[in-house]
Amino acid sequence: MIKLTYLKPGTSPSALQIEGCTKGAPPKITLCTYDISTFEEVMCDDASDAIRRMDPSKNNWIDINGLADIETVRVLGTHFNLSPLVIEDILTSQRPKMEHLDEGIFLITSMVRTNKEKEGEVEIEQLSLFFGKTYVVTFQPEQSRDSFDEVRRRLRMEGTLIRKYGPDFLTYTLLDTVVDHYFPVLEMIGDDTELIEEALVERPSRNTLKDLFHYKRVLLEMRRGAWPQREVFSHLMHEEKGLVCDQTRTYLRDCYEHITQIIDIIENYRDLTTGLMDVYHSSLSFRTNEIMRVLTLVSTFFMPLTFLAGVYGMNFHDSPYNMPELTCRYGYPAFWIAALLICLGMFIFFRRKKWL
Amino acid sequence: MIKLTYLKPGTSPSALQIEGCTKGAPPKITLCTYDISTFEEVMCDDASDAIRRMDPSKNNWIDINGLADIETVRVLGTHFNLSPLVIEDILTSQRPKMEHLDEGIFLITSMVRTNKEKEGEVEIEQLSLFFGKTYVVTFQPEQSRDSFDEVRRRLRMEGTLIRKYGPDFLTYTLLDTVVDHYFPVLEMIGDDTELIEEALVERPSRNTLKDLFHYKRVLLEMRRGAWPQREVFSHLMHEEKGLVCDQTRTYLRDCYEHITQIIDIIENYRDLTTGLMDVYHSSLSFRTNEIMRVLTLVSTFFMPLTFLAGVYGMNFHDSPYNMPELTCRYGYPAFWIAALLICLGMFIFFRRKKWL
Amino acid sequence: MIKLTYLKPGTSPSALQIEGCTKGAPPKITLCTYDISTFEEVMCDDASDAIRRMDPSKNNWIDINGLADIETVRVLGTHFNLSPLVIEDILTSQRPKMEHLDEGIFLITSMVRTNKEKEGEVEIEQLSLFFGKTYVVTFQPEQSRDSFDEVRRRLRMEGTLIRKYGPDFLTYTLLDTVVDHYFPVLEMIGDDTELIEEALVERPSRNTLKDLFHYKRVLLEMRRGAWPQREVFSHLMHEEKGLVCDQTRTYLRDCYEHITQIIDIIENYRDLTTGLMDVYHSSLSFRTNEIMRVLTLVSTFFMPLTFLAGVYGMNFHDSPYNMPELTCRYGYPAFWIAALLICLGMFIFFRRKKWL
Amino acid sequence: MIKLTYLKPGTSPSALQIEGCTKGAPPKITLCTYDISTFEEVMCDDASDAIRRMDPSKNNWIDINGLADIETVRVLGTHFNLSPLVIEDILTSQRPKMEHLDEGIFLITSMVRTNKEKEGEVEIEQLSLFFGKTYVVTFQPEQSRDSFDEVRRRLRMEGTLIRKYGPDFLTYTLLDTVVDHYFPVLEMIGDDTELIEEALVERPSRNTLKDLFHYKRVLLEMRRGAWPQREVFSHLMHEEKGLVCDQTRTYLRDCYEHITQIIDIIENYRDLTTGLMDVYHSSLSFRTNEIMRVLTLVSTFFMPLTFLAGVYGMNFHDSPYNMPELTCRYGYPAFWIAALLICLGMFIFFRRKKWL
Amino acid sequence: MIKLTYLKPGTSPSALQIEGCTKGAPPKITLCTYDISTFEEVMCDDASDAIRRMDPSKNNWIDINGLADIETVRVLGTHFNLSPLVIEDILTSQRPKMEHLDEGIFLITSMVRTNKEKEGEVEIEQLSLFFGKTYVVTFQPEQSRDSFDEVRRRLRMEGTLIRKYGPDFLTYTLLDTVVDHYFPVLEMIGDDTELIEEALVERPSRNTLKDLFHYKRVLLEMRRGAWPQREVFSHLMHEEKGLVCDQTRTYLRDCYEHITQIIDIIENYRDLTTGLMDVYHSSLSFRTNEIMRVLTLVSTFFMPLTFLAGVYGMNFHDSPYNMPELTCRYGYPAFWIAALLICLGMFIFFRRKKWL
């Protein structure tokens, strides 16, 4: 599930020889230009087009949806004066982090979402963004279609806080959206683990084990994203270059607390999945134990009886010592009485052992 | 068991579109107005009514019991000048925390109580409160009926410390009540795990496993509440705006030590439940082992005997080489002697293996 | 095993409504008055009597043995000017801690001792004490009879360090006694776990499991006491009000190192008990495996043979096709040869599987 | 897998009596002399030859490939004024670390690579290097042939950053190569563990267990190398003697972030391998359980039937009480009906137990 | 294995009433007097003799081999002005630590060695030493004969560093010897665990389990010694009283790094032994599973066949309904065909279950 994209070992960061990167459709580039009273949304042909249309007197949000085309990133990088290392960061797998640019801030975050189509699947993707005094540029991997739709909707409405403040508040809103997406995922995992728990105790199967391990993997991945994200918020809150205004700081603190809570819940769920592994195992042992008990009961009841029947099926003859029981008047009823006594003895034995 | 309430991802905190929140009856609002010599307790119709009746020259305690009605919180928020983020915090799931308001302090705590009706059930709920120079406002989710009854009783009595000091001491008393409720819950869990241990060793069943895992979940949840609560007390003790007087600080330190002790006990119990999982498992293995031993003993005793009986039940004839034993004078007694010798051999073998 | 005493939730600390506290006999109060040249030891009737007999020009040690009578503690608290919170601490379960009083220091420690009567049992109890310029007051729960006997013996002898120095050195001696009692307990646990290990590998039983889990519990409890105790010694060593003289500080450092070593050993033993749980489990699996092997061997040897014997016990007749073997001259010897060949085949198969 | 080389206990570091060191071919010594416009690459005969050929006006990179010959290291050590302790560090197993020399910096790093020949094998080796104002000297154990080939290729090209900057940038490039080699290894492990997971659930075998434990070992070793390496980068970034220029520092930060990410992934994989151990175990238990169910079903169906058949194979006769069923008109059909009824009963019983 | 020696609880440190201490032969006392040009080695009769022979103008090393005689330690303590607490530390079990004396430094270290006689046994013993401007005094428990032989050999040689520098360098050399002894032990454990791993997967036995747990214990003990030892080196390196010269500090740093590396390896091995416990367990489960499969196969093949044979061994007669098969012309061949068909059916069933 961990899909790594990384530079070919030994190559220069600026060469952008990336392993694990898949070619795809060209990126969808959206430019939103807005201030407190105006709002405009344009689909751009390419990166240069978007740069040309930017209005430096307003707030500009360029959203790149799809990272298959390295050229787009390079063009934006050149215009916004990004170092080759930052461009490499956008294109390869990175931990969430914050970095100061010459005149802005660069952020990498880890987005988590439930897959609408496949029940129980969780998508984890890397969102990069940087913002300056008048612009925010976001990079989403192609498959994610609607992460920021709700934000765009709020942006279109007049009078919202998001329109009132600058790019730092838009950045906060985007980060908050990223963080809030963790909650439904955690809720789903919480509900599912409870179902799994029930299934494990009642009827453990190979698939429950698979599901359980799947969530174990997912939680590990989410945790790997969440921990450094918390640091990112902390760094952003205490940023000192004046790019983040006081109002936004207060809101970022809220974000920070949410991600802390998310981390707590993730850690709890990890503990629970480990515990459920034990439950699965114990549940199986319990069933094996029960099956064995039945087998043992049946065997211990019938083995002596079968032996007894076998004895009187023997063909010894021609001598008064040879099986006089067979010709005895009450031989056969005596056999059944003996069989019943054996059963009774067994029964008492098992009762005392508490196996019955 | 973790019941999350959270904002819909992408929406603004001030929009209060909350997921996981259940509609319910209107809140019960109680206002206590008191100073060292007077005490008055009124049930209010709604939030505005409570605000109107407040007496700024005395200490006022507004208790909101039930959070289904967002409007109530909003009205109080407007009057006490709370930011939308604080209102969101009251209505959604949060970690215990302390936050400075413009002229007061806002606290979220995690309350734990045994369920009176369902044996072994533990209720965990979020209590929010804020206090200023002359008021304390508390928010309890509806289901909790009597968490603060005992405090109200002490408030009604003249001469108690709680009447002598201001809202900060009332806040301490409420927090102390929250913390002290952990002890009976831990006591219950301690007693129950000892019962479970005994049950596990003597007669492991599917239900003991369920109970054990239930307590594992509860302890994880309690721990998630207790750790940040400790930080809250520490922050409150070292608050510097003069809202907490020295006397109260001393008492808060006591609270701080209690929650530290609670955390220690929770961690111990978590270790014990994990250990008990192992005990359950080992106990099952032990029983399986014992059952197997009986099965093996019975099988190894009777299988050779049955074979022997089978041999002499064969119908070979018409040749002196064919089963001369059958017509031998002491054939049948010899058979029994052989059977006894086989049994004896087995017995010695098992004795040496220490299986008997 | 964790026996909690705590305030009823919601009640005031000064009300002393304690849950989990058992009534008992009145406390035994001993007063020792000593300086470098004199020593006097009196049994007092009650707390007031002890206070009256104190000699402020010498060192006084009041030892309260038994905490069932709340009144005794209250009287001493009033005389020594203790806050209600300190009195609560003496009477309820607390973590080891150090607290500054107006003119003295208050300490809570956790004492561990082997139970003389019940083999393998460990008693953990809370000892509280406070000391000032001229006095030490110690509180022991009733059941402990002789924890400080050895100290009293040294006090009676002239020329010992304990007589030379003041109450701080007496306090150190008492704390050192508390710490030194951990060693024989750890030694006992160490010896017992080695016996348990041996028992586990050779003949795992239900009782070894119980013993093992018992020690797991004990170690967890000891650890809960030892960790904060280390902090207590550290705080006491760095106390700055001049109540602890330099000589005593050096000795306290020794104590501090001992408790650190104790913590190390406890952690090691915890790791070992967890490992032993695995050993128990593996040992059981090994035995089950061996038993199964015998069962499988016996079954696979005798099942085919029994079938063969069964075949020639059938009664087909009246047709030349029906069991001509039975009348064949060497039918019966051929049967035995077949049986032996089957056994040989099995034997080779099992040898290659390394089951024999 | 941990191959330790260390000094014989008690001997002096300067004596270089090394245990665990294997003799081999003489080292391959390559000298690259370059500046922004020129580049020269020579194979040297021995260490003295390389020292002689160095051009102090340019950047020099001496690469020692193979550490079997202690003399080579000693000669270089004498020329570059290394202390005996540094020479010991190059020749024995060490943790990654950074150390200040008189006029340079000495680094030990841990290199990880997939073995091209053996699928799934990972090679971990120690690379030592030191650099000064005009030189870099690297030491590779012999078996590694091409770790730095890609770097040499970039060095040969004019206009690359590596040619522009000094030995500190070359050092960064070498370190970056070391770090980047971790990614393909982690990718391989990630892919393999997914295959192992599938294999474990579907058809657990002894080899999957071996593979799993192999990766556990590898991850532990990689982790042992990665953690201190992170410190090395941190120290190097904050080096204060002016040997590392600002540009290089920025690039080193990138390296630092990569190694942090690598550590995160290693820790995740460690958690996963532990989880997979549980999966293996549970998967086996599940299969055992299933096999047992079949055995129990077969046994419980056929044991009573076999007994019944045995009964009617008995030879009781000569009395009207002895087996009148045998001569009964519908005796045999009745037998089959009884057999079917027994089967039916069993079937219903197992259905209710959910074993069928 | 943890052999504790400690003061009897409640007794004074100066009384030296030590529990767990065994009486033995008198100590072997060696005095080495040396400076850069001279060296003398004498066996002394007792402690006073050694003190008398010391030459204050040279470096003196008194080595006490054997701690059974408390008097020897007391005499040295008096001469070198040691506090009773230090004397207690030498004679009882302590964590590794460093302590400042009036005019010297006192050190406790934990020595680890392989037992030459018993394969796989590891000896852990406490070495105490103190040194001043002109002397080093070392205390070894009796059983260790040759820990410092190699050091003495180097001391005898002229021109070695050890002869050039003072007692601090000798101290370093002794500490380095202590640290270097860890490596062969770790190498042995590493080699043995690999053998154990192989044995576990191929043929798990009770002894491998014992060995594994033995190493678990050893590693825990080594770890308990190694961690504080690291602190000791750190404290010694940063000692500020001028007893340790700069040259020695550099060498001590080397020691510090070695012990850090040792700690890393110990932690790795602890993880591996825990993992091997799982491997053992899984390996057993795998074997049980395989055995069960054979048992189940044999049972399910032969049980129906035996039943069939049993049926046709029944004695129903006297009615055309009673077993007409028996007199049927092709009855017996039909029986075999039926038997083969049953086998075939079973075979197909097991193939589809992948049990064959």
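By letter and in written order, the chains are A, B, C, D and E; residue numbering begins at 1 in each of them.
The rule we apply is simple: contacts are C-beta pairs under 8 Å (C-beta built on N, C-alpha and C of every residue); 3 or more make two chains touch, one makes a residue touch a chain.
Just so it is clear, the model here is predicted, and its values are computed rather than measured.
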| item | value |
| --- | --- |
| Where chain A and chain E overlap in contact partners, by chain label | D |
| Those chains which touch chain D and also touch chain A | none |
| Type of chain B:chain C copy interface by residue overlap (half), same or different | different |
| Separation of chain C from chain D, taking each centre as the mean of its C-alpha atoms, in whole Å | 41 |
| Centroid distance [mean C-alpha coordinates] between chain E and chain D, Å | 25 |
| Shared-contact residues (touching 2 or more other chains) in chain D | 281, 285, 288, 292, 295, 299, 303, 306, 310, 313-315, 323 |
| Going from chain A towards chain D, every chain in order around the ring | A, D, E, C, B |
| Touch list for chain D against partner chain E, complex | 1-2, 4, 6-14, 19-20, 83, 85, 88-89, 93-95, 97, 203-206, 209-210, 213, 216-217, 220-221, 224, 228, 274, 277, 280-281, 284-285, 287-288, 290-292, 294-295, 298-299, 302-303, 305-306, 309-310, 312-315, 323, 325-333, 335 |
| Contact set on chain C toward chain E in their complex | 148-151, 153-154, 160-162, 173, 177, 180-181, 183-184, 186-187, 190, 194, 197, 201, 250-251, 254, 257, 260-261, 264-265, 268, 271-272, 275-276, 278-279, 281-283, 285-286, 288-289, 292-293, 295-296, 299-300, 303-304, 306-307, 310-311, 313-319, 321-323, 353-355 |
